[in-house]
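What follows is a set of structures for review.
Common to both upcoming complexes is chain A, partnered first by chain B, then by chain C.
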Partner chain A sequence: MPTDTLTSPAPDLENPFQYRRDAAHYGEKATLWLIRTGTYLVLLAAACIFLQIGIKGSETVFTTHWPFVNTAFFTEKPSTLYVFEWEGKKHELSDSEFRAFKAERHVEDIPAESYAHSAGGILPCIVGTVLLVAGSMTIALILGVASAIYLSEYARPSWRMRLIRLAIVNLAGVPSIVFGLFGAALFVVYFKWNISLLAGWFTLALMVLPVVITSSEEALKAVPQGFREASLALGATKWQTIRTNVLPYAVPGILTSSILGIARVAGETAPILFTAAYVVRDKYPWEVDRWVDFFFQPVQALPYHIYVVSSKIPQNAYTERMQYGTAFVFLAIVLLISLGSVLLRIRLRNKLKW
Partner chain B sequence: MIAIIVLGLITFFLFREGAEFFPQNLQNLRLYRKAGLEYVGLMREQTAAHATLNRSLQDLRVRQIMAMLKAGKTQEEAQAALAEFDTYATQFDAAVGDLRSLVSDLTDEVTAIKEKAKIHDDALEQREFLLKEGKKTEADAVKTATVDFKAELAPVLATFPAYTAAVATLKQNLEVVLEKPLTLPVHEYQPRYKHFQNAVRAYLKTFPETEEKLKNWRADAPVPWWRSLTSFLFGTEWITNSFWQDWYGILPLLAGSLLVSIIALLIAVPLGVCAAVYVSELAQPAEAKFIKPYLEFISAIPSVVLGFFGIAVLGEHIRQLTQWHALSWISAFPIAERLNAFTAGALLALMAIPTIFSLSEDALNSIPRHFKEASYALGATRLQTILRVLVPASLSGIVSAVLLGFGRVIGETMVVLLCAGNRIAIPDFTEGIGTVFQPVHTMTGIVAQELGEVANGTLHYRALFMVGLFLFFLALFINWLAQTVVRKYKISIG
Partner chain C sequence: MSTSQPLSQEEETAPAQPAAPASPNAVDVENLDFYYGDYHALHGVNLQIPAHKVTAFIGPSGCGKSTLLRCFNRMNDLVPESHIKHGSIKVHGTDINGPNVDPIELRKRVGMVFQKSNPFPKSIYENVVYGLRIQGRNKRAELDEIVERSLRAAALWDEVKDRLHESGVGLSGGQQQRLCIARAIAVEPEIILMDEPCSALDPIATSKVEELIFDLKKSYTIIIVTHNMQQAGRCSDLTAFFYLGRLIEIDRTEKIFTNPTQKQTEDYITGRFG
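Presenting the complex of A and B:
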């Protein structure tokens, strides 16, 4: 009976559509894994940097006893570290402590190894960075939002618009050191502002301008056309419409993306090298005789301080403290800012829906 | 509006500070000729070449000692075995004696002339300044002694017979040295000695040419104006604050910048594109959600922190890695310098990866779905789809991402300033893989390093602005290229 073959198919017949595990299959698997490894290699490399600086830096920044944070590191000025032996004991003292130590014991001089910038704290650098960021972002936001409003609300497409857009894109690609040179030529030399906070502000502001303009423009474009039309239909002028019905809805978007600008401003060293930064200043920025001097004084800044401590002083156990501590604080600040920007963006995306 | 103004301002002010460079440099070059420095420079080159040969001889000696110590000989035995070699080396060194003393005398003389010319120029400037201020009597009081270059140079030029005599003795001495057969105690180095002999022969062959040049040299031959430009663009030396002559040639810096950037791109392009492909095609949604912000974080790491990491950690680790015995078959290992082009390049790669990643990912994502679907429908596997359909389709985007990454890398300052080693020299490309482990200096690095130290308005200051201007146009060019690639080679998706 032929029913026999129907119930049990020949066992040696293979399914021709079955997935075959041949060389090509393994080759594909291997390549896909290679791609995956490559990706994770990048992540691993970055993790190494974060961990190295995080671990070594937290030794400086945190302490094991109350208040768990090395307050001196955040409240003092950088000073020279003296390492010496006295009566069989090894001392590591900062400049002022060393002088007090000598005065106490009535000795003229103690042979000591000195390491510049390795003692004390980084308060002036933090203050300087905050000042630089605040001032330059104010300038950049005013200029950037103004030009974004013009570009997205008023401008008609024409060859001139194309030229402006091209200029913005190109401006974003200009190396930061060129901005530094330009700032030095225009503000420091030509306007005779010398190395000052003001020169640094303008240089940094011009540097982030493309970022601010592009992101503000996007935020403005995201406001639905209906808002404008409704306002115009009620008889409002164009400027009234923009002021009351467009800008308020674009502000969150503008702020979110300008936080990215902040991270960039805070992180750049090259533009302030010859426009705003000094290696050492005795005074804090607010200790000025006249209020105008405030704008025309150089400041210390975190990135410049890192540059100085990592290139101008030797690497050893005594200097490491300052180097890693500063790098840690700086990295933490910049990463927190960009983390804030990422989180804000996610929240905004979920919240604003038209 | 503002963007154009700023761009215009940047160009204008960089030009304003930089443009003065050319006339000043021309003056500098003219003085070089007028004061006879060029003349003596030719002779100096000759002694310098001899010194190089001498150094290679010394190098050979050190290598032999090392080899003998390794073979188990004591220091004294090694020294004794090299006695013959040492007399040979001394003889070789002494051969140049006459010429060397002549050149050093002449060097003093011509630098004195140059100094006089400088003093004269300064005095002139001072007088002009005073006249402008309206102080005529003071201006007249400033003494200016015009330098009579011809008279000053006459004694220098008169030494030509002495020079020919000195060269003749040098030639004779060297030929004597060459004829002498020398067997090295370490036989493996005999080919190197052969090589050295050949180099000496080649050196001897250049003598008539130099002599001819010196004979035909004229102090009053004009220096054409374009020499100022070509000496900047094609000059192979960047020497500042030297007693002899300052050279501002951009080539060593450009070569350094390019070397570092190429290393960075070689690392960053495969990894960046890999990551983009992985995130957009292969990764689980949760993975992608983690990797993308992570890469954004990497792009937020300030460059100066990366530079610090390179100095404090990476450089030393790479050096230790090259000291591993397992890697000793690579001729360049172990490397000598902690900070070199590779250290900087590796860190720059990390900066370029996020740029390349995000732009490539955008390009991959912008491919319409049906490209992928069509490929799968034809029975292609995932890998085939990625490599044959998706990557080619987004190639223009990927190429422009790479170009923008290149722009970011070549304009980066702090990492190269801290980690590239800062030695101003064109990398020696004959060293094979060792090339990437040489310390270099870059365009961005030199501006950052030297601008703070020079006085406004000097030639050096202007030269740095010219470097900045060059960088500026390079960045614009790269940007333009990236945009053109996107526009021109975009495949029609329809």
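Presenting the complex of A and C:
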């Protein structure tokens, strides 16, 4: 060992950098584990929800034989389920099947247990939800983007602007059932639109408006100021500048916000409870006499259907099928719509790079 | 005002400076006081900028040179609470802050190139014709011709003629800045304002833009703000020195760099402060 160097460290200490077993060291480890556990709990919760609905729902949605999808579930209206025994065999039949069964055997009545909404399919609910989402998002995007453009491009800071922003923040905090009541009072009763698609659209649109405005504004602010300046310096008017050189670049960001909006609009039950949703409808939405009636008809919707089949009828093994099947389809639809917006956004992002 | 002393001397000397003042002044600034809210950014500036010359504005950061430049095409309108308190700016004899002046029309005649090159994320072609399209000029043949002419004038044609329909953002920094210059001259302005156009460019790209500035002065009046004094020396005919919101001195560039009248100018140029 060289001993002649003046700067050699204390040689008898094997590792001068070893961990100190003190409070800071253990505190560090404990904190890490605490926050890590918290994070993984989120994953666990999500997995539980998706697995339960996925497993139980797929029993309804998929079948073991060709075409492996329960087509009736996607093409029929909900109907009553009849459970009975006939010649020693147990039958589970929907309303129409039960009637055909009786007619075939020429019997007046067979004693059967009936379960409302537990047979048939959910096509009217799917159509209703898609209509509600499409209409309300269109309204919300038109109003929201217009407000966002005004707030971020035109309005100068003033007390009035602060008041408007305060209103938007407060609107975001209003519980959805209050929106439902408001919609019922204004659109259904005062405007005499009755329980209708139109009333549901506007109620849902008002509910997501704050989300759309806030995130559209962020998207507009993220467009570099240089584009606005360059455009104005070339003699463009303010609106020409916004139309050609601000709004197109903000579209990906606005789409992102609308994904959040879609999930909320599709999922909320309370706002459509009093404004747009019916438990059962005999007709499909497209079966209207005049085209104006289309807007003034009530619809069935997936979240409301789940609510009805899970809480409005006595629960047992036969009703579960419809509950989980609907939830499964509902989740799948929201995921599909979101996926569509994400893909569109990626496409636009790739086209617009700066 | 104590500062009016050097400024009034300015007024006597500056207009006499252009060697052959055949053309009238492109820009006349009279006694301009400019504020950002309460902040007094420009103090009593008097300045005449001759047409078809390159005029450079130099001075340390925050001295008001960019502010003054952005007054010439009223880009400061975009800044909330900025305003002109006194004085006037005339472009070719017209007060540009008069009641009947549309800033849109002004900006068609007074183009601008920015510090950070900012081509739109559109094709090179669409970048150049942007100013024409928004005026409703959409004839294909006319646009094609203007694209070629503008890109040639901006010394970019040979580099991009085969990829006019590719994105302008894919160009190098120097090419982007020349594209911005092409875009500005496509609308045929009379004056081109350049706000530190080379500050983000490497020396080779800088020299290309400087050559370009030299060529462009035949057709346009150019006002350039620069932090680079060599650049001012290389490509300008006149140089104005600003300090703390005041115009200290404007003169022929050679004179400013060899024998300035004001001590502050000399100190700045020789690097004693700034």
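Keep in mind that, in the parts below, the second predicted complex is superposed on the first by the 298 of 354 C-alpha atoms of A that agree within 3 Å, B and C clash if a C-alpha of one lies under 4 Å from a C-alpha of the other, contacts with A are read in each partner's own complex, and residues count from 1 in each chain.
Keep in mind that, in the parts below, a residue touches a chain if its C-beta (ideal position, glycine included) is under 8 Å from a C-beta of that chain, and two chains touch if they have at least 3 such contacts.
As the structure is a computational prediction, the values presented were derived from the model and not from experiment.
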Let's test your reading of the overlay: on chain A, do chain B and chain C clash or fit side by side?
fit
Check whether A:Gln240 is in contact with chain B, with chain C, with both or with neither, and answer first, second, both or neither.
second
Given the touch rule stated above, what does A:Ser231 touch, chain B (first), chain C (second), both, or neither?
second
Who does A:Arg36 touch here: chain B (first), chain C (second), both, or neither?
first
Look at A:Ser338 in the shared chain and tell me whether it touches chain B only, chain C only, both, or neither; answer first, second, both or neither.
first
With the two structures laid over each other on chain A, which partner does A:Tyr307 touch: chain B (first), chain C (second), both, or neither?
first
For A:Ser176, select first, second, both or neither according to whether it touches chain B, chain C, the two together, or no partner.
first
Tell me which touches more residues of chain A here: chain C or chain B.
B
Chain B, chain C and vertex chain A (Cα centres) - angle in steps of 10°:
120
Least CA distance chain B-chain C after superposition, rounded to whole Å?
20
Let me check the overlay on chain A: which residues of chain A are in contact with chain B and also with chain C?
none
Using the touch definition up top, name the residues of chain A that touch chain C in the complex.
156-157, 224, 226-237, 240, 244-245, 249, 352-354
For the chain B and chain A complex, residues of the former touching the latter:
1-4, 6-7, 9-10, 13-14, 16-17, 270-272, 274-275, 277-279, 282-283, 291, 293-298, 300-309, 311-313, 350, 353, 381-384, 404, 407-408, 410-414, 417-418, 444, 447-448, 451-452, 456, 464-465, 468, 471-472, 475-476, 478-480, 483
Hey, which residues of chain A end up touching chain B in the complex?
28, 31-32, 34-36, 38-39, 41-43, 45-46, 49, 52-53, 143, 146-147, 150, 163-164, 167-171, 173-182, 184-186, 189-190, 206, 209-210, 213, 263, 266-270, 273-274, 303-304, 306-307, 310-311, 315, 320, 323-324, 327, 330-331, 334-335, 337-339, 342
Under the touch definition given earlier, write down the residues of chain C that touch chain A in their complex.
73, 75, 78, 80, 104-105, 107-108, 111-112, 114, 116, 118-121, 130-131, 134-135, 167, 169, 180, 183-184, 187
